[in-house]
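Below you'll find the structures, each written out as structure tokens.
Two complexes are shown next, each including chain A; its partner changes from chain B in the first to chain C in the second.
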Partner chain A sequence: MFKTFSEFSKTNFKKIGVIFLNKTAFIGFIIILTITLMGILAPLIACDPYEADISERLQPPSLKHLFGTDELGRDIFARIAHGAKTTLLLALTISLLSMIIGSIIGAISGYYGGKIDDLLGRIIDTFLAIPEFVLNIALVGVLSAAYSDSILNIVVAIVLTNWVTYARVTRGIVMSIKEREFILCTKALGAGDSWILFKHIIPNAISPIIVLATLNMGSVVMTVASLGFLGLGIQPPTPEWGQMLNSGKNYITTAPWIMFFPGFFIAISILGFNMLGEGLRDVLEKRNIKY
Partner chain B sequence: MIEYIIRRIIQIVPTLFGISFISFSLLMLFPGDPAEIIITTSSGYEPAKEIIEEYRREIGLDEPFIVQYINWLKKIISGDFGVSWTTGEPVLDMIAERFPASLQLFFATFLISAVFSLILGIISALYKDRALDSIIRIFSLLGISIPSFWLGLILIWIFSVKLRILPAFGYGNIEHIILPVLTWSFSFMAIKTRFVRASLLKELSEEYIITARAKGLPEKVVIIRHALRNALIPIITYFSLSMGHLIVGSIMVESVFSWPGLGSLLVESTIKRDFPVVQALILFVGVLFVITNLLIDILYAIIDPRIRYGGKNV
Partner chain C sequence: MIEEKSITRREFMKYVAVGCAVAMGTSFLGCMKKEDVVKQEIQKNIYRDEFILGYGKDHKLKGGKWGIGFFPKTHILERLVEYDLKRDEYIPSLAEKWVLENDGKAIVFELKKGIKFSDGEEFNAEAVKFSVEWLKQNHPLGKETFEGAEVIDEHTVLINYKEAKFLNLAKMAEFHMGIMSPNSVSPAGDPKGKFVYPIGTGPFKVVDYKEEQYAVYEPNPYWYERMGIKPKFKRFIVKIIKDEDTRVMALRSGEVDAISDYSHGGSDYTPRNMLDVLKREGFKVYKRIIPLTWIVAFNYEKEPFNDVKIREIVDLSVNRDEIVKIFDNQVLPAKTLFIEEAPGIREANRIYKYDPEVARALAEELGIKGTKASMIIEREQGDQILVGQLIQQQLKNVGIDVELNVLESGAYKERRDSGDYDMRIYYIGGTDRRFYLRMFWRFHPKTKWKVYVSERTGELCDRILTEYDKNKRKHYLIEFYKAVYEEHGVVPLYFDIMTVVASQKVDVEYGELFRYAEPMFHSVGVRI
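Now for the complex of A and B:
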């Protein structure tokens, strides 16, 4: 248990530093770092992802076009590098929004209990009964009929289902912490709700939420790419990996590289987030048994 | 026993209402006018304003939200899911037509991945932190990270384009189902292998295992005869829970292989903005999940009296 916030942050940063000792977390971290750098440096390291050159269409990978060209003669490496920015920014925005909304709702529900908690419990049960991705598809379908901004539609459609994960976890953590004896002692000493929340509950809840958020980034990348693959995601010409894979599947016999590279980057990013998340979990939660 | 079953049935009622509410309000978010769409698709021409107005009143679209919801719910309960906006076919018929394909794909995948994940999970726990365990863990990490739609395309490229031994899509013969099942099993198995390994290792940290080891039993006997037996309870629960959601098939796998199941029906209907179908599918999946869970719980209560009296899930 941490006495003050500064003590808590010191301990936690020290723990996060252990990333470099945990092999899994370290590899995951390097993967994510590489892809992030690729996204940030895309304008410098790659050419224009929108420039179509019909005379260069369906070219196999070469020195001129590292990953080859697509059906419109666009450079696939450029589209992947720029696509990294699209994917990572979307994943970050969606996870952060879901985290904020979900943790607040979950914390209120877990802390106050009673009727609010009953209602929230029912809502969570309902969301758990319908597969998230089914709802994502339906929501994107309805939203895209109303609004033309495909990026905003995707953010809204995923956040609307994704917050539940955070609410469920936060609710559980808060409930288990508030049952402990030291909270009762603090209350007996006259501490108010906000004191308990900021000094005791948040510091204890933060590491499981960091782990959850990291793993969640991976699943958001998967959802965004899946929607893109189904033709329901980010609309062309904006480069997005899932959507590139979708157009590449039509050229699988003549130009398999169009579908190979975007898929590879989707897989490696998800792998990166999963490794980082699981490594962090081992480090932060100091489990005896490794799962 | 009967008291427990009744209590569980009462518990699912709010969830069922919640599912129906989500599914209904989805259509309310839709910006277009359903009355206009229905007339246009059934008659084939743009109807006059008066006709639309009259039809709106006829099907109750001018009523307040709650009244519309209750009317819709009444229809659903009597088995009327409405008609498709694009073909005019009853939605329920469309679902019934696609369901068998999804069911086939699911059970084939479930069977294969259940067997293999049990074997791999046990091996992994037996050789914890040794080479074999590491290989299996890397394999499962890849399984949860590699998107099934990409894996599917890679398999199509290998087996249909290069080797030409399996068809890339189609439905009906045994060779059509091989690639979809292989693709889906890879991720399905990965999640389950990890669960088997984790449950087994958790069981191995219990005290009765120390007793068994102290008795001088060989490690393999300790694991298989003692730990595995107890670990099987959560494993079976976990396996059966996945049925509720996945019985409707994998959306991504179905869409890669153009498998004519419910997953691809959902995607097609969403793209065509055929929302009555989407709405019915959400309801269908949700209700199926709740009912599967209920059945599993009741089954457990019959097997294990502790659940019946404690009133809690395992």
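Now for the complex of A and C:
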């Protein structure tokens, strides 16, 4: 167990090197790195994703258009690359927000126990009882009727359902840690609750939360793409993979590349996050057992 | 030898006679009307008992704010008159003829005799009076139109209107003005009675209905007898499939025999860019152009589009030929305000041009490069989202930076009604029967759904809708088209169509299918 956050950081960052020895994590890392670089470098490596050229519509993949063109003659590679930025930024934002909110609520619930735990536990159970994606659809529907910012609507809708997983995991970990001797010693030395929570308990719970966040990024990518496919996600003309998949479905028999490439990148990025998450779990959690 | 020769000649003559008989028989069959062949086919029992149609809107057979759905309004009910767009004339339907009274504030309709409702009741002046009273009591359009109705004799009825306008007659051909049997309500004949289900004189009668799921109809034998044709199915099932892609999938899987656009036009239609694909897959695609023009409507009461010059820049920047390519050229580019069949369009001769060079020069002259403008589009309007994206690019080329806002219908209406937008994609016109009513709804100063009204266009619109004389009306129409063109009130984009896509097994007579602008399914049959 780590006694302070700085101790945690030193130990955990050393492990990052170990990730590269883990084959699964390494492949996952490379996939995510490639997609991230594609997103970051999109303005340099791809043309304008909004530029429509009707004379070039529905062109198959070629040297001029690597992934072909869509129904408005826009370059699909450019839209995929710019879409990567949108999708990854959304996944990162949603996962981070969910992690922060969920971890804090879970930690409070687990640490204080009693009525607070009962109340927060029931809230968590209520959220878990409703299928997450159905709730996402309902929330996006309600929010988009009131607010026109589709990105903000998606972030709020997914975070509102996604924090629960983090809260449940964190609560369990905190409940087990708070009974350990070093916490009791800290208490005996007169440390306050927030000091104990943020200096001693959360640093020790962070490894499984990071693993969870990495795995969760994949599912967030899936949720964002699914909402986009249903027309509830990011609205055109902003390039987004799920929405691209949707716009290509009418052409599945005549121009299958419009659907293939967004579909492929959705699948590969989810695979990447899952592999990275699995690898991180192997590296971080198995090692933690030794402590 | 001689004998042999004569035998050969006789044989030759026999062959000639047989050949002539075969040729005459073949040519006789060739000359037979298609209906006769169809009748023979029915006798041979070659059609299935059921015809199943996929449709995007509920038929509202229990009624609603605007009454029953548009589909049953055309298939169960008939109107007193119908509208012939090409001749700009109202033609008899249930009414034989009509006479204007009280300067057009009242119309006396002489009704056709020997017509029966599908429940066997006689169609007469009492039924018309009941329908008018019912509409006046229960329908928004009836409330604003009718003063009341008086029975003159069994087959003559006088209808009093609230205003003396040509629009009164135009409205009589409207979807909503279908004549119902007094037995459609309970107690029968009471305009304040409870609506049960629609009973009309049209081709079908209701058999079964489950809201938002299906409607089942049977042929109305009285209608078929009156028209002198035979139905090719015993039951007509309409499955309500709201999602356009699911409707297409249902057609592909054979779950439905055909899919049709929403009779109203403008929404719930088969995606235009799917028509060519479906045709290549072997489906039969039927389409009819309608006087429904998709347009860019401006928020012309606020900056920047309160300036006619800036509206002109948009007008000149829109490449309509490119827009129709999104739909595989299934629709036509709108280079005039309405299709050329619409009254006065040819004579007005106002062609909307695409000229980006002039647009750019004008933009520079006005110093509006970099002007920001918002365009709102409803999320459900998939085709318009594509059009909006293309227009965004076309306007970018002349320096107008369009922010596209694709909104959920509630949010869209809120922004539209509050005026929080600069442009939106909308439509004017409709199916043929709505031509004048939509002119009122889109261009008249008193309507809430207006797209553009100026002092000049508003006055002309009012004159058009008041003037009973066809030639004078045409004159006002021409002036109106010129005014909208000169003021760049709206930017026409493309003329829409009404479509039906059917499987190879479905026999369709195009003339009957598009007897009116809305598809009519009384003559279709599904071969076994």
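Structure notes:
Keep in mind that, in the parts below, the second predicted complex is superposed on the first by the 278 of 291 C-alpha atoms of A that agree within 3 Å, B and C clash if a C-alpha of one lies under 4 Å from a C-alpha of the other, contacts with A are read in each partner's own complex, and residues count from 1 in each chain.
Criterion: a residue touches a chain if its C-beta (ideal position, glycine included) is under 8 Å from a C-beta of that chain, and two chains touch if they have at least 3 such contacts.
All of these numbers come straight from a predicted model, not from anything done at the bench.
Contact with chain B, but none with chain C, is seen for A:270 once the two complexes are overlaid on the shared chain.
In the superposition on chain A, A:72 makes contact with chain C only, not with chain B. In the superposition on chain A, A:193 makes contact with neither chain B nor chain C. In the superposition on chain A, A:139 makes contact with chain B only, while chain C stays out of contact range.
One of chain B and chain C touches more residues of chain A, and that partner is B.
Look at A:130: by the touch rule set out above, it reaches chain B but stays clear of chain C.
In the overlay built on the shared chain, the residue A:225 is in contact with chain B alone; chain C does not reach it. Legend: residue contacts after superposition of the two complexes on their common chain; A:122 is shown touching chain B, with no touch to chain C. Once the two complexes are laid over each other on the shared chain, residue contacts for A:250 go to chain C alone; chain B is not touched. The intersection of chain A residues touching chain B with those touching chain C, taken from the two complexes, comprises 141, 145-146, 231, 249, 253.
Contact residues on chain C toward chain A in their complex (touch as defined above): 245, 271, 273-274, 277, 280-281, 322, 325-326, 379, 382, 385-386, 388-390, 392-393, 404-408, 410-411, 415. The part of chain A that touches chain B in the complex is made up of residues 122-123, 125-126, 129-131, 133-135, 137-143, 145-146, 218, 222, 225-226, 229-232, 245, 248-249, 252-253, 256, 259-260, 263-264, 266-267, 270-271, 274-275, 278, 288-291. Taken together, the chain A residues at the contact with chain C in this complex read 50-52, 54, 57, 71-72, 141, 144-148, 150, 231, 235-237, 247, 249-251, 253-254. Only residues 14-15, 18-19, 21-22, 26-27, 29-32, 129, 141-142, 144-147, 149-150, 153-154, 156-157, 161, 194, 197-198, 201-202, 205, 244-245, 248, 251-252, 255-256, 266-267, 270-271, 273, 275, 278-279, 281-282, 285-286, 289-290 of chain B touch chain A when the two sit together in their complex.
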